[in-house]
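This structure is in structure tokens; I'll ask about it shortly.
All chains are identified by letter, namely A, B, C and D, in their written order; residue positions are counted from 1 within each chain.
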Amino acid sequence: MLVIMSTDSTEKQIQRAKDRISEMGYSSHTVSWHDHYAIGVTGNKGKEDRIYLEGLPGVLKVVTLSKPYKLASREVQPENSVYRIGSATFGDGNVVMIAGPCAVESEEQTLRITEQVAQRGAQMLRGGAYKPRTSPYAFQGLGEPGLEILATASEKNGLPVVSEVVDPGTAGLVAQYTDMLQIGTRNMQNFILLKEVGRTGKPVLLKRGMSATLEETLMSAEYLMSNGAREVVICERGVRTFASHARNTLDISIIPALKKISHLPIIVDPSHSSGHRYSVIPHSLAGIGAGADGLIVDVHDRPDEALCDGPQALSPEQFSELMDVSGKVCAALGKTIGTEAT
Amino acid sequence: MLVIMSTDSTEKQIQRAKDRISEMGYSSHTVSWHDHYAIGVTGNKGKEDRIYLEGLPGVLKVVTLSKPYKLASREVQPENSVYRIGSATFGDGNVVMIAGPCAVESEEQTLRITEQVAQRGAQMLRGGAYKPRTSPYAFQGLGEPGLEILATASEKNGLPVVSEVVDPGTAGLVAQYTDMLQIGTRNMQNFILLKEVGRTGKPVLLKRGMSATLEETLMSAEYLMSNGAREVVICERGVRTFASHARNTLDISIIPALKKISHLPIIVDPSHSSGHRYSVIPHSLAGIGAGADGLIVDVHDRPDEALCDGPQALSPEQFSELMDVSGKVCAALGKTIGTEAT
Amino acid sequence: MLVIMSTDSTEKQIQRAKDRISEMGYSSHTVSWHDHYAIGVTGNKGKEDRIYLEGLPGVLKVVTLSKPYKLASREVQPENSVYRIGSATFGDGNVVMIAGPCAVESEEQTLRITEQVAQRGAQMLRGGAYKPRTSPYAFQGLGEPGLEILATASEKNGLPVVSEVVDPGTAGLVAQYTDMLQIGTRNMQNFILLKEVGRTGKPVLLKRGMSATLEETLMSAEYLMSNGAREVVICERGVRTFASHARNTLDISIIPALKKISHLPIIVDPSHSSGHRYSVIPHSLAGIGAGADGLIVDVHDRPDEALCDGPQALSPEQFSELMDVSGKVCAALGKTIGTEAT
Amino acid sequence: MLVIMSTDSTEKQIQRAKDRISEMGYSSHTVSWHDHYAIGVTGNKGKEDRIYLEGLPGVLKVVTLSKPYKLASREVQPENSVYRIGSATFGDGNVVMIAGPCAVESEEQTLRITEQVAQRGAQMLRGGAYKPRTSPYAFQGLGEPGLEILATASEKNGLPVVSEVVDPGTAGLVAQYTDMLQIGTRNMQNFILLKEVGRTGKPVLLKRGMSATLEETLMSAEYLMSNGAREVVICERGVRTFASHARNTLDISIIPALKKISHLPIIVDPSHSSGHRYSVIPHSLAGIGAGADGLIVDVHDRPDEALCDGPQALSPEQFSELMDVSGKVCAALGKTIGTEAT
């Protein structure tokens, strides 16, 4: 941390700042150039120290020099993380395709859709047994029976499965039935849940919060990792802005920005960003173009009957089209959908 | 719900829309005026139906006619809710002052601050025993010993106390020690937590999420109320925008907007919106001017040593100044700070 | 417009609403279904009428049924607009590449860069002679001598040229020297400028405002078109949000959304959205993936010396790389960079 | 400017940064503390230099130490600016009330409303003769005849008048008829207009842009001041966010933040922030509570017939109520509405 004094600060103010730093238990070192004077601080803990020191008289600005996240940073691990989860590989430069129904509604529906997405080349199954819903009156998921269905569908089709955890009390349960645990957007800063999910040691898909900064997203990854998760994948699913022409504003700029400072893989959820079937493929290709390590899409073979997010679900035919065009774009970029060339 | 067709929609498209509504199990009724044609729908369940029908060919727009929240709406209860929680009364037209440390750090600190805010006229104590922190490496609160300290401070000074719940598993525990449970900003859509906190039957202070709409905020209140909470107070604490001159952008416009459609009281947290001591009083008076039913402020007598959010905490002297000027503004508006005239 | 009454509205309130509509000079027609009652209105003029009627007692909601833009809408012109401007064709399904320096600094610099981008396959030259700058103390462009330089560079290399107009008084002048006039982000709702630029009858590149909605963007296109412009191209260059990891948040979702309702071409400016050279190519490919009709990029062969936006300018070598990879992605999508296959 | 190197930067990288600074024509001075190394730079010009240097290898962060605005800053003028414009005084600690119709529609309407607001205690008249409208098909104002009407109404009632300029070509004309020139929200960064308006030397009311930062707002004030305006008043009128319960999100936090760094007065426009009559008074009192130097409100005695923004205009009776309650709140804060005590 560097405490930069105003050019018109008094000696007394400088002394007071040094005294306070010392009282806070940190060591300080003063430097000066031209008409500027600054105090280097070591041993400090973070944001609050910064804001506090910024409030002292005569202080112009306080600059933090170390990043608040460690395990997720490229400083700790310069090379990209690569995770193999069954037939899906995240972070090796190719694009993982995760597909399935938004919610598990029945065994029949889940088996039917899983088979369809598997045949068309998906590498991982998605499906929700516990659904966080804005309304207390909406379908909240099948619970454990839904997990059993997912496990069956996963096994039958040879696809690993990712499913959302909403309750710290059921993290272990979901971990028994699935290969990867998902933290939903509304729970990105549910720190109790992050800790419990981290403790399972399972791979985690962490969805960015609706208005989370890049740093906050990495801090949540840090919660997972510092509690035991070794494989964390970030998911961009659109953020909240003034714009209303899409359900959320897909922020593709986070992909290169994250890759610059973190070794974690990042995928895109074009279904939740677009909110409408007609724009899922454009959002998908934008994600691949920006460098995403994968996609996670809603597929439903009877979208009119879907109990959750039907309007944004692709039909199996549309999913085929997505696989086809994504495969071509990947090939143009020297990549494949999935690690084995299609 | 009203499904309005494009003026150039075909008879076939109209028929398809009607068929789909019927297949969804809803009854429909067609109306027309000028060159417009529309289908009234009853029995529908919500947003997904709307988005789904909007995707059908020939449909111009789908308009929802009923609100998704019920218990929180003025339709269900036209008059303002008024709650008495010990010496604090919410919603009677006056302004409740809630004050205390951001985090409970020790018994001595908590007793000292509680005494100071009580003497200066606060009607309720605030203090966190469980702190949701962005960084896994930051102070996370004292836990149950912190609750014991709060209960002692509360009893000694005759102030009811509000404290945050972060874990569904400890909702009951926090309820034993305190008079009102707080749901934090980052947990506003942690639906599992909302359910558990609702089930305690205790009064709840629900903080608006960082980018929550008015409707989403009321839907979270609905989660609490439909699970057993009868007394829910909303708290505006600033939202996330592009602006960086304050920690958050205090959205005072939600106060009259909420009062128009809901009977729930709403208070303002000027400490978290401003993030800096120098602007806490301006934010407070803005809240009162906009019609807030109360304020919740951080107070610390040694803000330099605070383990949490020190830079925004008022000193006891500044709290006195806030009480003084708030009291005058309230009087100008025919209100008081607290229900008994000061 | 449709005025929907609350289910608990009184007959008197319904009558008052009808009377007001009649006094406003509009004709009305009442319809009802289930327990709902609504008034269809024709002849009304827009937003203010809507907000006004919404304020009447007993009114639940007012729904507008016609779009405020006409000339830009697919209702007026269902097929995509296609414009040929010299060697550049907008809207034919391929991707136009516009490249050049942010600002014209000297004849030598402009000729040098133009030659380089022309050789590498750009179809259009960009360059600013008038620069809108946030600071009154920053370089504001060369003015008319800059236009002369652009005209020379354009002619020598056979590339049409687009340049920004910032002053209604110089719209005619810029039109003499260039092939397409640009409206900058900060002037998207400078209606006087839109009118003057429209009156030149020249093709226009209209950059979306920093927080402009899709509808507002099309309304600005409407200003241009209703004043004489026949060829308007929209440009997405990132919007302002809470996120700070990129200069602006590139909103690729506007591309499919605009194409659904408008026949106008839309291109992407990856230089201004990313703000940093390292992410220009990812933003470019995201734009192409989402369906953009073109790209406009800053290129500078000595970015360290650029008088304007140097940090985001590609070097000629990086521009070659962009052409190469964009060409491959276009080919994967059955498109070309420029109308003739490269 | 201070260029801070990464702790793992190489000597070669440090040398390269120094060389570049020197080539840019700036002098540099190196400092170090603990394991940190930094280069102080003087003579640099601004944002682009910063972003450019930040892109060099081995650079961790570049910190700017001087503010880009000068004339508007407290560094140049520590004490508050106070301007007397006829019966209105801005910046003396009291609250100026500016009222009148959104648009001048006719002489009769303007005289009628002016008389009413004057009698009820307004100190300044507002009214638009040139209206910037989102739609090219909406009423655009009466032009010069509207200015004549405003001048007549102003003279008859002894109120100075503020009116908007939308065209650099008519800045001089508007200056002849009025006492203060207004720059509208959509033109806050129309730099040509700012220059022309600044050159008139008239007092200016500068409305904050829809998504303008505090710094950008002050930079636009700087354009005005560096071109000749000596009296600039900032106006907060709500910013664009995700929230839709008000027309714009009134950002009261900019008031204390601006006052901390600038000597310019700042007022609030509660009519445009709320967009609905029912919330104009709450927004007004929030502004006063936050420390605003004045209010500017739409008043119309026949709001149903208003050609512009009728739904948000107060009736004369509501304006009386606003004067009454604002006067009481001001008194509670030791202020008055207008400089003479009411």
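One rule holds in what follows: a contact is a pair of C-beta atoms (placed from the backbone, for glycine too) under 8 Å apart; a residue touches a chain by one contact, two chains touch by 3 or more.
The shown structure was predicted, so the numbers you read here are calculated from the model rather than taken from an experiment.
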Far-end chain from chain D, centres as C-alpha averages: A
Of C-D and B-C, pair with higher C-beta contact tally: C-D
Chain A and chain C, separation of their C-alpha mean positions in angstrom: 31
Rounded Å distance, chain C centre to chain D centre (Cα mean): 27
Where chain B and chain C are represented by their mean Cα positions, the distance between them in whole Å: 39
Multi-partner residues of chain D (at least 2 other chains): 211, 240-242, 278
Residues of chain A that touch chain B when the two form their complex: 20, 23-24, 45-48, 51-52, 54-55, 68, 132-138, 166-169, 186-187, 189-193, 195, 209-211, 216, 219, 222-223, 226-227, 240, 275-278, 303-304, 306, 308-312
Touching residues (chain side chain A, partner chain D) in the complex: 2, 4, 29-34, 36, 38, 40, 42, 60-61, 63, 65, 211, 240-242
Residue numbers on chain A that touch chain C, as the complex places them: 211, 213-214, 238-239, 241-246, 249-258, 260, 273-274, 278-279, 282-291, 325, 328-329, 331-333
